[in-house]
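Below are two complexes that have chain A in common, paired first with chain B and then with chain C.
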Partner chain A sequence: MVDGFDLVIVGAGPAGLEAARSASRAGRKVAVIDDNPRPGGQIWRHDPTGRAARPLRRLLSDLQSHEATRLFPGHRLVAFESGPTLVLESATGAQRIRGECLLLATGARELFLPFPGWTLPGIYGAGGLQALAKGGWPVAGRRVVLAGSGPLLLASAATLLRHGARIEGILEQAPTTDLLGFLALLPRWPLQTLAALALLRRLFRVPYWRGSWVTEARGREGLQEIVITDGRRESVLPCELLGTGYGLVPNIEAANLLGCELTAGPHPAVRVGSRGETSRPGLYAAGEITGIGGAGRARLQGALAGAAAVGDRRQADRLLGRSRHAEAYGRHLARHFRLGEPVRHLARPETILCRCEEVPLARIAEIPGDDSRSLRLLTRIGMGPCQGRICLHALAETRPEPFLPDWLTRPRPPLFPARLETLAGPERGPLP
Partner chain B sequence: MNPPSVTVFVNGRAVTLPEGSTVAAAVASVTGFFRPRPGGSPHGPFCGMGYCGGCRLRVDGVLRLGCQTPLSPGLRVETDG
Partner chain C sequence: MTRDLIVVGCGIVGASIALAAQRAGLRTELVEAAFPGTGVSAAGMGHLVVLDGAELALSARSLELWRELLEREPGLSEYRRTGTLWVAENGTELAALARSQDRLRAAGVPSELRDAAGLAREEPALASDLAGGLLLAGDGIVYPPKAVHQILSCALALGARIRTGQRATALTGDGVVLEGNLRLSGEVVIATGPSGPELLPELPLVPRKGHLVITEATASPPRHQIVEAGYTRGLHAPDGLSVAMNVQPRPTGQLLIGSSRESGLSDSEVSPEVLAAMLGRVLRFLPGLGRLSALRTWTGLRPATPDGLPYIGRVPGRRGVWAALGHEGLGITTAPATAELLVDGILGRKSILDPAPYDPARCLG
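So, the complex of A and B:
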């Protein structure tokens, strides 16, 4: 057991690291855990071919100057025990850690909408392919298409270009009118505008098809071609790799297991007050877990919530105004990249919905009603390694009526597949 | 200047990649087959960030996620299939 921390932070992305800096500056003892081998989260993910992002370098050097602050990369949170004590798993074993306060900055994952052929080798998440390429996944010289919705498609394309991929095009489902509306008000957020301009400069040769999407992927052993449409005409585009993603959904599982109140809707976020406080005393949340709004918003929220968690009211209050403005960017993003109807209904009866357990849509359609527990028991949807993190969100998008899966209403540990020895450690206590 | 490289073994075959690469990338340079789905179709990396489980395999005998495991010299990686 590692004990004696004033604040334990889960997630070493923009929100988590800013929170750690705020709390460290207030003189507190801070621990930051993250399942990735290096800090930075998704947006600042380490790329051995380039230099670390400047804000990340500065954050890490600031944190290094505080001796009481400790980073635990390569440690995945798998469960809670009373306290709450965090049960962590690493490559070499298990660890338990406890602090006075807990701050969750677990970020977001991609939203996937199934289409015929989407389980073929060669198809990845858009951010997923970006992450894989940074880890040395072979993309050089390959013909790549990115398709879905949101600014992440552009960020991914820029990374893939730098790694030598041939980007055949980017398909954005949002129509031109929505994108123009997004650009028209973007200058209200100068940092986000600069980031967008930097991306566009690197991608100016890449075709960007608006109001377009992939309806089908084909190939024998792996991806060979995709069918694309603008809603009127279909055409076939040969490619070897496809990165697809329709925006982001918050990683709320840990917060949900602790009983934090969530927002309504098919992809809930953790409900927080203006200082990042959740409905549970002593428990804070910041960044994408509280709603999708990008790294700028996540950094501000993290800095604010980190200060609030250790009782530094002055610093927290100082950041309130800017944090509200960044909040508005999240709403701006959601409004202009909202998903159209056609992309929600691309799956055919034989299309696999649950990638882990290979459950086709037809099998799910056979089960009457909206009882996700029966769905699980009868079809095994959501019972594989991802535990529904992909398919249950996809399913929610295809349903006209609100769909509340049982993993939300009755969450259970462990949060991720874990080794038995991790859960049955020597310091095992009662589960929360 | 090229970054230093690391050699690991994927299903017994030596693979050399730049330092900082992942086990998933090392596997990709040998085989596209990570493991079968319950129905037999090939499953592999998809989310790239450690939650889909598609890249799960044995590294030095321990089940791990290939996309979150950095290469270190001499690692022995076994795919399931």
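So, the complex of A and C:
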């Protein structure tokens, strides 16, 4: 057990690292844990071909200057014990850690909407493909399409391009009118505008099809071509890799297990006050876990919540105004990239919804009633290793309201698959 | 509206009763407050086991009935005949298993005793310091949520009916009242699992909470359901926490792991402390499982009676009301013999089992 921290932060992305910097500046003892081997989160994921992003370098060097701040990369939070004590797992063993306050900055994951052929080898999440490329997976010369919705498609395309991929096109399901609406007000957020301009400059040669989506993927052993449509005409586009993603859903599992209040809907976020405080005393949240709004918002929220968590009111108050403004950007984003009806209903009866348990849509349609628990018990949807993180959100999108998702109302450990010896506790079982 | 028989509650017990009743020619209507099979039946391990002790006769008869049902409906409920391997930690426990074998033999249930070497041959993954074991080759496993639905489907195919999402709120003397004041008349069976006391407060019933863990698939799962001999001690420990190693190989290669018992708790929270104690026990017997990952955990409430036997029979002091409650940790197994006893009772037929030990009258003040 490692004990004696003033603040334990889960997640070393923009929100978590900013929170750590605020709390360290206030002279507190801080621990940051993250299951990735290096800090940075999704957006600043380590890329050996380029220099680390400037804000990340600054953050890490600031944190290094505080002796009392410790990073635990390669450690995944799998459960809580009373206290709450955090139960962490690494490649080699388990660790328990405790602090006065806890700040969750666990980010978000991609939302997938199933379509025929979406389980073919060669199809990845848009962010997943970006991470693979950064990790050194060879994409040079390969024909890639990105499809779905939201700014992540552009960010992923830019990375892939830099790694030598041939981007055949980007398909954005949002119609041109929504995108124009988005652009029209974007200048209100100068940082976000600059980021968008930088991306567009790198992508100016890449076709960007608005109001378009993939209806089917085909191939023998792996992806060979996709069928795309703008809602009127279909056409076939050959490609080897497809990165898809229909936006992001907050990673609320840890917060939910601790009983934090959530927002309504099938992809809830953690409800926080203006200083990142959740409904549970001593528990803070910042970044995408509180709602999707990009890295700029996440950094501000993190800085603010980190200061608030260790009681540094001056620092926190100073950030309040900017944080509110960044908050509005999240709403702006959601409004203009909302999902249209057609992309929700692309799956056919034989299309697999749950990859872990290989459950096709037809099996789900067989179950009478709208009880999500019966559905799960009888089809096993969501019962595999990913614990429903992908399929249950996809399922919710295909269903008409109201659909009561029981997996939200009865959270249970472990948060991720965890070794029996980890859960058996420190005194029991052969721990390395 | 009148039916011959109204069964309140569609867990494994209610569904089995509906099937037996409909087969016997009784027009049956099930009333289920939520959805079929989402009560304790969904939480259970689905181990079909002949249990030496108070429930020996009921469980042995049930296994015969399960096998009959499975012959008629092959593939039902993902059934596998895994057998049960009871494992003794020391000589005392092994001697107890030998005595258990005598009682099983007297009840017509075959079993085979194993010494330490024989045990290791059955399951090489077991710890090497164990004394031996007892193998019951006739035991098996099912997937309970499916079992409920498939038994229910058989009953519906024979003409039974079901109302889902409708809670019975009171007994009227000639039937039940449902939410929204709908009245149904006929003989009534209460098969509401742990909610028994809501309609029949005179029958003492306490919840006994249990935890379960399911793992990822393993390349070399055990062949049998493996249970430590000490398991039966926990059955009779009235208070506090008791844990025992109980490991079931699922058809997918995953392991379903139990078990824990805590009396008087009625929440559904997973407790890390109980998990730790339970898994510590499992690693004591199967030390090689430490690095296998748990995917999910959950809890369920076993409905327990003071003497460990279920209530099966007419409820004294009430007209036309029957109880099928209190199946504790063995209701998946004992549902078919429960249904047989109950329907025989309603029809006034002589039953294969003696109904007296299960008569609810025994626990009325």
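Keep this in mind: the second predicted complex is superposed on the first by the 426 of 432 C-alpha atoms of A that agree within 3 Å, B and C clash if a C-alpha of one lies under 4 Å from a C-alpha of the other, contacts with A are read in each partner's own complex, and residues count from 1 in each chain.
The rule is simple: a contact is a pair of C-beta atoms (placed from the backbone, for glycine too) under 8 Å apart; a residue touches a chain by one contact, two chains touch by 3 or more.
Because the structure is predicted, anything quoted here is derived from the model rather than measured.
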item	value
Chain touching more of chain A, residue-wise (chain B, chain C)	B
Chain B versus chain C as contact partner of A:G384, first or second or both or neither	both
Chain B versus chain C as contact partner of A:E221, first or second or both or neither	first
First (chain B), second (chain C), both or neither touched by A:S82	second
Partner chain in contact with A:G148 - chain B first, chain C second, else both or neither	neither
Touched partner set for A:G211, first chain B, second chain C, both or neither	neither
Contacts of A:T119 with chain B and chain C, given as first, second, both or neither	first
Partner chain(s) touched by A:P417 [first = chain B, second = chain C, both, neither]	both
Which superposed partner A:G296 touches (first chain B, second chain C, both, neither)	neither
Shared contact residues on chain A - chain B and chain C	384-385, 417, 419
Partner chain C, residues of chain A touching it in the complex	79-82, 87, 369, 371, 373-374, 377-378, 383-385, 387, 410, 412-414, 417-421, 423-425, 428-430
Complex contacts: residues of chain C adjacent to chain A	34-38, 42, 145-146, 149, 164-165, 213-216, 257, 268, 270, 272-273, 275-276, 279-280, 282-283, 287, 289-298
Interfacial residue positions of chain A with respect to chain B in the complex	35-37, 42, 46, 48-49, 74, 76, 91, 109-110, 119, 121, 123-125, 127-132, 135-138, 221-222, 251, 355-358, 384-386, 389-390, 416-417, 419
Partner chain A, residues of chain B touching it in the complex	3, 17-22, 24-26, 28-29, 32, 37-39, 41-54, 56, 59, 62-64, 67-70
